[in-house]
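What follows is chain A paired twice: with chain B in the first complex and chain C in the second.
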Partner chain A sequence: MPTGNAPPSVRPMTTGRTDGARVVRPGGAGARRGRAGPRAERFAPYLLLAPAALVIVVLRLYPLLLGVNFSFTGDGERNGVAVGLDNYLELLRDPLFRTALSNVGLLVLLLPVAVAIPGLLATFIYLRVPGHRLYRSVYFFPGVLSPVIVGAIFNLLLAFDGPFNALLGAVGIDAVDWLGDPGVAMFVVVGVHVWATFGMALVVFLAGFATLDAGLLDAARVDGASLLQVIRHVIVPGLARTIQFVAVTTMIGMLTSMFGLLYVMTSGGPEGSTYLPEYYIWIQQGQMNRPALASAASTVLFLVMLGVGLLQIKLLRRAGRED
Partner chain B sequence: MSHARLSRWLLAIPMSLLALATLYPLLFTVNVAMKTRRDYVLDRFSLTDALRWENISTAWGSVGLGRYFANSLVAVTSSVLLLLLLGSMAGFALSQLRFRGSSALFVACLAGLFVPFQVIMVPLARIMADSRLIDTYPGLILVYVAQFLPFTVFLMTSYYKTIPGEIVDAARIDGNSVYGVYRRIMLPLGTPALLSVGILDALFCWNDVLMSLVMMPSADHRTLMVGVTALKGQYADDIPTFASGVLIAAVPVLVAYLFLQRQIADGVAAGATKG
Partner chain C sequence: MKTRVVWSAVLVAGLALTGCGAATGPKSSPGGEAGKLVVWDWKSGEASAASYVEKAKADFARKHPGVEVEFVAQPFDQYYTLLGAAIQAGRGPDVILFNGGGQLRDRVDALTPLDGYVADDKQRLAGWEAFSKDGKVYAAPVTLQGHPIYYNKALYEKAALDPARPATTWSQFVADCAALAKAGATCFALGNKEGAGIQFWLSALGSGVLTAQEYDAWIAGRRDWKSPNVRRIFQLWKEAGDAGLNNQGANSTAMFNDSFALFQSGKAAHIIGLMSDVGHWKDFSEFLTADKLGVLDAPVVTPGSTPSLPYDGGIGYGVAKWTKVPKVAADLVRSLTSTEALQAFYQAAGAIAADTTIDVSQGGPAVATIVSRLRTGKPALHVALSSKTLELMGRLSQQLLSGSVTVDEVVKQLAASDQAG
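Moving on, here comes the complex of A and B:
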């Protein structure tokens, strides 16, 4: 269902934009004062929109402001008292939050890999590797499972005395404490997240490929271009928008949908090494009863997401211009 | 040309290995769920010698998974129905009607897309507690609706934009009110989009763990995904029962995927291409 193929229409499509004073659509205005009075008709769009707008404003946008405001007040005895930047200073001093932030840095570093894997696989599928239809549906399927289920399954597989280590032992590799070693656990959790979600990104890539000019690919192939050259000179520039979209959504996904995995697989451990901001927020709010501190962490997370989004868009624009 | 064909077959090797890596964890879990404890300890990889459904019924009964399953069904069904109702109403207004302030309202709805639950968790929990909605189904349903409504409105608006305005005009000339147009024209015409958005919304709500964990603190009110996390402590040394519990939670989604794979994948792709 792409946007491009809207059926042609004589009347300009109303796209949610309005030109101000005109309340009734042009064309046949006299006929539309049917049963309901003109007044009721005039308010109809607002009444249709009101429930959705109300829910979104009250339960999404307003809490954002409330949370920012809340982050400048205190917890416990200082509940409701303005404390300036105290919460933010405490965050900076807290080793757990610092780990959470450096793990965000790790996610940013791993992002190119998380985008390249589905991108490459989508390329192969697009180039009609034998069995491509089957691959598409197999790869996509872990994406529909809850992180809780994925985490539970990998808890089994990666247990110290579990099957994965048994397999490694069979080929003579020493067992690794996948979820118990602070130097390894975060990579394992990110790996499991990528295992679960690369199929989603793959589907998005394939939708992007559908908009790619097939003639260009054929031309490249006739000219004897290698696969790498095709990727570099035809696919990457042609899919710049898709790549940008996947990069942003993958990053947002890593920042906001790994809670289930962390909760089930590591509980933030070992030694706090798998903390991410979302897990920190939940611990401070739910377990430590520090809602104001949690709000400060939420505000930082929001700023990080905003920054990452803007930065990526900027970088990709520049890359696009150089090509 | 044969060189190209050969390299394509070579690519198929890593791709099949990856497909195996994608399927194996689930197949392993199914196999383990059917084993006895003793079998699992002795050999983790051997195929089970019988289908032991008693593991499934133990898991279903003991930590209250049955109850959590029902809780999830209630929360997910109500949330999805509400999401579709509010989303289609708003989508119709934003795509087919002209009114003052519509662009500002459209932007406000979309802005919700960029506010993840983690960022507003604390104030939202407070709002819910102040209005006595915490630990209640209406509260959880409202939180789900608020979470997935921006996405739903966005997709419904894009879908309704593809419906020619002449259809609406004709219905109006026939004497329908705006609401009549919504009920008699837009709802039926929107069925394909409502179906695919509804499936995605259902999947998101069913799979949620954080929102339910924050909004439903008492044990009876747990949704299935939160209930599954409780299995870990309970059956740390009874892996087959643990695996059975995991399967119970996974089966509805796996069945849905088998039948609705195309709609799910199309929905994800539509969310992307319409951006």
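Moving on, here comes the complex of A and C:
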């Protein structure tokens, strides 16, 4: 429990600091300090916390409050006028925003796949498949590319007359409009996002494997367990906490950092099928000149993230208790 | 855990009770500086605009030798954000470059009406409409922007069509497209990834579908979405897609600049392009040569309609309200739109300048055709629509191409959006 731990960890640190000061400035000051000591000690934690607290309050909480506040005002002619829930009702009626929210749901559904891919590949590396040293570095390569560059590369590869479709054509499969078909585009973008970011999750998995008891694996092998059985009964239970950690970070990554890819690859299209809330917010604010509506959408996104975050904390804590 | 939930709930609920403040800032107050004029734009940093700026500066220095002029080139993607900040502060540039239409009209509160200063230029320059609001002129046009239908004459020859006589009616045009398809080229290069393809389509073909009265009423804001001719424009868009007149994968092809590349590389015979900046006659001429590039009038769909070139004022300079010396600033605007300066801009950047007296005979047949149509041209249809309706139209146009919506539904939704705005 973080709150339970806080006081003991603060106390020794502050006494440490005052001791240090005494060494630097010896003499008469020491006597006065002796009287002021307990009070200074009482205020020291607040003083030390102040910079961090101020940064959070001024740069995070205050803008958040302003944003929520703006979401109850109007745009354009009604700038600055309180309009109640009008913006939220408009969001509810806007099919584009509904698509954006349902795409968030889709991301949650695709999360197991996004976690399984690096997990499986890390397993292969751990089990020392031929060439595992090479793969370990190759898998991480896409992680150093910016989303814009990744998007541009896949725009070329997945163009209707691009190399990917040419390859399909060579084996007799009809061309697919990867980024122009509303039923396909979102999956393609998520796939590219997973390709571009799974390297980091892979590294986390490899770190998790380092803590796995090799004796258990050997024992399973001696007992004649197949590869699938080893994964199912030894590796997955042993890595439960790693898997949960990767799930949380992957989910956050998908919800917050797909803007660049969407912007470059689909611009929210085709037919608005690849909108995510952050892209919607950007369009309303930057293109449609609707800052108040964008504030309302931001507030909804904030609530969604709050819900997802709390749920994940709950899950993690439960997992922690089991250990 | 529980405290956290409670605190979050308290935070959100507390805020939900209030609704004050404003998402955009308060109105501005005047400020400014004399003896020196500051110009904001996004063009002067480009090499192709260097001679234009030089000519304009020289012209202004002759009139006001004591006044210094500073050009500040801003990045275009942040231009209106930066300008918004300047307007809120009530101080900033004296002379400001604008895109015509909505971008200017939304900000006329920060501008000085120029009618008294530019009266002598009214005849010489075209495109004033895009820089006017409620009968007052707020900026002087520099370039014109519009949507000519370009065609590749070499492909016409290959398909045994007469490049000097392109189709004038829609049925003839479709027949020509069949011949072009046999010669291995698609009819249109279409990039509709951003949803901009339909905007160009609406404006380029509109004059051949709507009657003159319908067209003028549309521009004046009286848009009859129930008219069969309006419906016909979207019907044609769908038919063209279904009949394979466009390149494949149009919904995933970016207009800027993949569709332009299709036309330039001779894979498509026609493209609805632009007049200035990019995707215009000068870009295309570099690849296809000026002789092989033509511009055709909108094919007539509705008998009795008169095809016209759709164009508006592209960019123009206005004078800020807070400037101390509006007369001098207006003189700078006049220098920036002088024939000599605009001639230089046309030659270096290929922009169709607002000055109709510029000699373009050296530029090839395409530019000659465009300039000859300026006199009878009309404002583009899509420019009259709100950005919200345009965004919706972009999405619906993609659905029309993929077949997931009917034309009637499209017209119904657009009408609702247009009338709501």
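What we mean here is this: the second predicted complex is superposed on the first by the 250 of 323 C-alpha atoms of A that agree within 3 Å, B and C clash if a C-alpha of one lies under 4 Å from a C-alpha of the other, contacts with A are read in each partner's own complex, and residues count from 1 in each chain.
We adopt the following convention: a contact is a pair of C-beta atoms (placed from the backbone, for glycine too) under 8 Å apart; a residue touches a chain by one contact, two chains touch by 3 or more.
Quantities reported herein were computed from a predicted structural model and do not represent experimental measurements.
When the two complexes are overlaid on their common chain A, residue A:191 makes contact with neither chain B nor chain C.
With both complexes superposed, B is the one of chain B and chain C in contact with more chain A residues. By the touch criterion defined above, A:73 reaches chain C but does not reach chain B. Of the two partner chains placed by superposition, A:238 touches none, neither chain B nor chain C.
Of the two partner chains placed by the overlay, only chain B lies in contact with A:282; chain C stays clear of it. After overlaying the two complexes on the shared chain, residue contacts for A:270 are found with chain C alone; chain B is out of touch. When the two structures are aligned on the shared chain, A:182 is found in touch with chain C, with no touch to chain B. In the superposition on chain A, A:134 makes contact with chain B only, while chain C stays out of contact range.
By the document's definition of touching, of the two partners only chain B reaches A:142; chain C does not.
Residue contacts after overlaying the shared chain place A:295 against chain B and chain C alike.
The intersection of chain A residues touching chain B with those touching chain C, taken from the two complexes, comprises 66, 70, 155, 291, 294-295, 299.
Across the complex, chain A is touched by residues 4, 7-9, 11-12, 15-16, 18-19, 21-23, 25-26, 28-29, 32, 44-45, 86-87, 89-90, 92-103, 105-106, 108-109, 111-112, 114-127, 142-143, 145-146, 149-150, 153, 157-159, 161-162, 164-166, 169, 172-173, 175-180, 182, 193, 203, 206-210, 213-214, 225-226, 228-229, 231-232, 239, 242-243, 246, 249-250, 253-254, 256-257, 261, 264-266, 268-270, 272-275 of chain B.
Contact residues on chain A toward chain C in their complex (touch as defined above): 65-66, 68-70, 72-73, 75, 79-80, 82-84, 96, 155, 158-161, 175, 177-182, 185, 266-267, 269-272, 283, 287-289, 291-292, 294-295, 299, 303, 306, 310, 313-314, 317. Taken in their complex, chain C has these residues touching chain A: 1, 4-5, 8, 12, 15-16, 18-24, 106, 193-195, 248-254, 258, 387-388, 391, 394-395, 398-399, 402, 404.
Listed in rising order, the residues of chain A touching chain B in the complex are 1-3, 5-7, 9-11, 13-25, 27-28, 31-32, 34-36, 40-42, 44-46, 48-49, 51-53, 55-61, 63-64, 66-67, 70, 121, 124, 127-131, 134-149, 152-157, 162-163, 166, 195, 199-200, 203-204, 206-208, 211, 221, 227, 242, 245-246, 249, 252, 255-256, 259-260, 263-264, 277-278, 281-282, 285-286, 291, 294-295, 298-299, 301-302, 305.
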